[in-house]
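Below you'll find the structure, written out as structure tokens, and then a few comments.
Labels for the chains are A, B, C, D, E and F, by order of writing; each one numbers its residues from 1.
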Amino acid sequence: MITDGVRVDGRKLDELRPTKIEVGVLERADGSAYLEVGGNKIIAGVYGPRESYIRRLLEPNTGVIRCRYNMAPFSVDDRKRPGPDRRSSEISKITADALRPSLMLENYPRSMVDVFIEVIEAEGGTRCAGITAASVALADAGIPMTDIVVACAAGKVDGEIVLDLSEKEDKEGEADLPIAIMPRTGEVTLLQSDGNLSEEEFSKALDLAIDGCMQISEIQKEALKNKYLESME
Amino acid sequence: MKIIPEITKESIKDLIGNNQREDGRTIDQYRDISIETDIISKAEGSAKVKIGGTKVIAGIKLQVGAPYPDNPNLGVLMTNCEMVPIADPTFEVGPPNEESIELARVVDRGIRESKMVDLEKLCVEEGNHVWMIFIDLHVLDNCGNLFDACELAVTAALNSTKLPTASIGDDGLVIDKENTFDLPLNEKVVMSTFVKIGSEMVIDPSLMEEDVSDGRLNIGVTEKGLVCSMQKGGMGPLNKKEILDCVNIAISKSSELLNLIK
Amino acid sequence: MITDGVRVDGRKLDELRPTKIEVGVLERADGSAYLEVGGNKIIAGVYGPRESYIRRLLEPNTGVIRCRYNMAPFSVDDRKRPGPDRRSSEISKITADALRPSLMLENYPRSMVDVFIEVIEAEGGTRCAGITAASVALADAGIPMTDIVVACAAGKVDGEIVLDLSEKEDKEGEADLPIAIMPRTGEVTLLQSDGNLSEEEFSKALDLAIDGCMQISEIQKEALKNKYLESME
Amino acid sequence: MKIIPEITKESIKDLIGNNQREDGRTIDQYRDISIETDIISKAEGSAKVKIGGTKVIAGIKLQVGAPYPDNPNLGVLMTNCEMVPIADPTFEVGPPNEESIELARVVDRGIRESKMVDLEKLCVEEGNHVWMIFIDLHVLDNCGNLFDACELAVTAALNSTKLPTASIGDDGLVIDKENTFDLPLNEKVVMSTFVKIGSEMVIDPSLMEEDVSDGRLNIGVTEKGLVCSMQKGGMGPLNKKEILDCVNIAISKSSELLNLIK
Amino acid sequence: MITDGVRVDGRKLDELRPTKIEVGVLERADGSAYLEVGGNKIIAGVYGPRESYIRRLLEPNTGVIRCRYNMAPFSVDDRKRPGPDRRSSEISKITADALRPSLMLENYPRSMVDVFIEVIEAEGGTRCAGITAASVALADAGIPMTDIVVACAAGKVDGEIVLDLSEKEDKEGEADLPIAIMPRTGEVTLLQSDGNLSEEEFSKALDLAIDGCMQISEIQKEALKNKYLESME
Amino acid sequence: MKIIPEITKESIKDLIGNNQREDGRTIDQYRDISIETDIISKAEGSAKVKIGGTKVIAGIKLQVGAPYPDNPNLGVLMTNCEMVPIADPTFEVGPPNEESIELARVVDRGIRESKMVDLEKLCVEEGNHVWMIFIDLHVLDNCGNLFDACELAVTAALNSTKLPTASIGDDGLVIDKENTFDLPLNEKVVMSTFVKIGSEMVIDPSLMEEDVSDGRLNIGVTEKGLVCSMQKGGMGPLNKKEILDCVNIAISKSSELLNLIK
């Protein structure tokens, strides 16, 4: 799938897919963002901090985050049955883990921040896209944060370490390494890896994914700045 | 449940009594409506509809499957509606509740009872293979009147749907995704929803108007001006004159709505 | 299905099916009624007002009504799987909406009135039959009411507007319009319509359905009177 | 959970101690029993049973389906019991709880273990087509002793069931609903249920007797007087003599119950 | 399946399968036991008395017992789908009923004792094996008890009354009679019977099952003694 | 949720800071591990693994079924994990929660992504019949580090699995359970799990160490020393050096773990 360093969709090995972020796309949600990356279309919405109505989740000394990653039935080639499945439950959990370190919820005991990620169309890399969109939506909602978490994957295709796998590359490639970081400190808040990688390849892929995150981080900041400027006008 | 201060409730009712509304509309006026189609590449048909701040997406997925035994030569329609919790702070995660089931079923009956989709043309091989049309609604932002937004999204999505060519070859079913044609429609359908506030029936209610209203009436109307589906909802009763007046207004509004679907 | 103004089951266009109501058929329920109309056999039972054990349904200033419409597995031609489905959930909801306006529950804050409708055999028109029976059961339970709600359908068969569709007429006819009214004021508390009707046809069908309701209302009152007289003896 | 005043509890126990019961029966006497069959036209068999105020309906639906792989020539029996909340203020909406599962399974074992239905005669085509018997119990009014009422309703309903003629023609399965015959039964089964109150075993308990009792014993008996199923329920233990005495009484009561099924 | 008074697995009519009990096999559970009888492998674990978190089960004047009988998916010939089914729900209920009379929970109001029975491999008679193991686990957990409940089945195979049916005998035999008793008083706390038995046969089978229980009771006591002696050392 | 006294938490962290642990291990040392295989006669493969007090059983059941349409010549793997409540007082009865889903999926990916099982050799007849491998994990005693115990149990169970001979005869599928052969494996996989306590990454955490930790890292390694699956869990972030160090340690630990599987 790679010829002379060029990938099937014409990208270079270390090139991201075209990425676009729009802030504040929903009226009801306290914060929201729309993200397109390649063929992915994602909407993230945030409610809260609000009183936790789920007693089992409530913590007496801090607010908590709850995430729900959800794919629209029409977002994939073969219609997906509505409702959660095992894959989406796992992604919801690790998305919450990925976002939590950036949030300052100590002043919101017994409250809950709800993050809803709706995948409108999926084309490889929706978990990273969802985290990237969700962090922008959290900022839009005015939740106190130390950083805007950003996510991106690297992987191995045709023996090469490449950035931001497309759906085709993810399916037919050898390995996929989605990560999320807090760009200010470089700390990793999400990391998964599927497929065989040598220690050296893993290290190279991790570096490349971090690079990708840093690039997307700029697009996040730009989008938030635009919204802020708009609201100034 | 939303608690609206009694004073807001009163002021909305007073306005309505004077044929005025909080957002400046008259009682028989819709908010701004926009429709975008073909927004999901992976769906055979799709549409995003905004009515004021309300936003819904309808996606159409097609699949060849077995017909119902009692209708061996008819295609199959299935409508599902997800009131996902991103759309409204009161929506909850979990299986569809009575509200979203009602929404999906009312929208579905508008499509089904009007015979909008020509199901007979969706038969590939009688008794064995027919097209199954999966209609999925995804509500993204609830600013009131989901019924009309959903019906409009479904009609626009079905109207944009491309059907692959399916035939029976020597080795069974052959689907040719390169050669598509328009989903066969008999006629289009739209819906107008009214709520009762004080003694007035108000079209296209905003969220706040829904919250202060006593009863609801959904009226589906076909391109030919026939009433194809109705549903009264909510606890307030309606009198006969109110119902007949709404039917009359819904029929006259239908052409306005149908014109938005290219 | 109509020949010279006579329907397949021998009825005239504006004729109800034979209808029979019996009050107080259950011992445990606070109120109950048995209704037969055509081939339909329905039992309605009422409990309450009782303390609401479902917190989410409780209202601080009034009692609430909860309905459950349920078909026995053997009530239809092809055995129905037990438990609620989407159709019965919707009917349960609109039944509660249809009955609620007649109930005076202001003196029962934080309480619940439960209405259970069991369809023992179904032959077209069970939702109307259920509402008619339930309202009698509510009266039998002594729930304060402004009126006895009554329901009946009209519809279009072979181009004619007819009253009280049978199962066969419902399946093969052109339209069905079930309504419920409070007979004292004529106010409509349930209205559905399925199938294409012109404005004029709709108006005619609505009038006919109201007529049907008024006839059934007499049967309801007679049944309650009989029970009352019995209990006097 | 029902809270019965301690004083009522004591007075019921005192009565039982004197071989008397709150409703005037002796401890080995049933309440009045009535059975009506063929009450549901759409079911192939049905019966309504009243024991005192307790009312249950059993409906039998038939369907041709595939046999279990390990029994390719046997028909299939399935028993389901709905303790719908109309029947008792303590029954809840929702999936069957332990009580209704136990009820359905005990009733089912009575039918199944006695080999009451001749399943071998329900084979249409070995390995492919057998009759499936769906037994559905609908409990309408719980005034105690649902077990005996349900078992009686099922036996009466099966005894009234008409089976269409099924055969294999050139085009596969043919079902002739005009030509029916009686469901083939080997022998009928009834059940007697006892509860322990104080030191007595009481037959056909009323609701109040159930509530004050310490243990329960269900005994299914066939027409030939064989014990075909038993179940001890409840938290109180029983001694050997109590069990053997109940078995003896159940066998003698069985003909009385069987006579009620015409 | 019986030739000259010898069964297919070589046992005499009144002979138990080889039975082995080990106490205290789990670290987290408050009490536990492992039981092998024939090809059955069962682990029982007990937690409690602990505060009842299930409000509906709580009783103000006494502790309650909750049982869960569960088969591992790999414990049977055809893989069993995980999670409860109707059979396991019924066994769970009658297991709780069988154990409850031996427990002295009056001093633990509003509390709950949880008994978990895991069937690791099943070969006929798991419900009895589960009860026998659970009672040992309850003793290991230090729950106050009046007796160690013990369970065993008798049945009818090839016309003969036999003790402790194997899987093959249970499937192909004529009747099965599992019971549980409190050995000190001989009182019966579980009794089921499936399959046709004459009054005389029933009585004989009941006696034989009680005999079996008494034998297994000795194995239970031995196992508990061994554990106690061990803990002394 | 477990509440650990602040003082215990501090003392565990202090120990770890000095490269010591509550149970005397160093931070890169496993507890005692034992593996028993072929413990379930009714399963085609099985293993019981103990790591310290943690005990899990893996059972392998085989069945011939239809392949996925997009992989008509590949066998099918399915992994399920039951965190049954016997294993831990905080586990609850009910459908799998996020924790047990994550556990099952991480273990599954280790097996699947490494291509440990040679799925191509599990095809009986392309497009129609392939072997389906049901991997069921039963957690019996949770004393920490379920991930490594489960992965080890699955690998050992698969390594002990005997596959019957399946072939297509004149009458269709024939399964010969007498002639079995070893399940075809490409290479074995093990997992090492680390948690972050203070500023240290600690291998094979005990339950108490899990409870005081800030983040978790699972690393699956193949026989060839390749990283085949990783998962970060928990709310604490990890820095790049910590991740790379853990990968290095996991690779060197893998041969130690693999040696335990005969």
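Odds and ends about this structure:
Quick note on the criterion: a residue touches a chain if its C-beta (ideal position, glycine included) is under 8 Å from a C-beta of that chain, and two chains touch if they have at least 3 such contacts.
None of the values given here were measured: they were computed from a predicted structure.
Contact with both chain D and chain E is made by no chain of the assembly. Fewest steps needed to get from chain A to chain D, stepping only to touching chains, is 3.
The chain with its Cα centre farthest from the Cα centre of chain F is C. For chain A, the chain with the farthest CA centroid is D.
Note on chain placement: the centre of chain A and the centre of chain C lie 51 Å apart, centres being C-alpha means.
Averaged Cα coordinates give chain C a centre that lies 57 Å from the centre of chain F. Remark: chain B and chain F have CA centroids separated by 48 Å (rounded to whole angstrom). Contacts with at least two other chains are made by no residue of chain D.
Of all residues in chain C, none touches two or more other chains.
Contacts between chains close into a ring here, every chain touching precisely two others.
The ring sequence of chains is given as A, B, C, D, E, F, with chain A as the starting point and chain B next. If you check the complex, the residues on chain D that touch chain C are 39-43, 46, 53, 55, 57, 59-61, 63, 80, 82, 84-89, 93, 95, 134, 136, 138, 140-143. Interface of chain E with chain D (complex): residues 86-87, 89-90, 92-94, 97, 100-101, 175, 177, 182, 185-199, 202-203, 206, 210. Only residues 96, 98-99, 101-102, 104-105, 109, 113-115, 217, 222, 224-240, 243-244, 247-248, 251 of chain D touch chain E when the two sit together in their complex.
Residues of chain E that touch chain F in their complex: 26-29, 32, 39, 41, 43, 45, 47, 50, 68, 70, 72-77, 79, 82-83, 114, 116, 118, 120-122.
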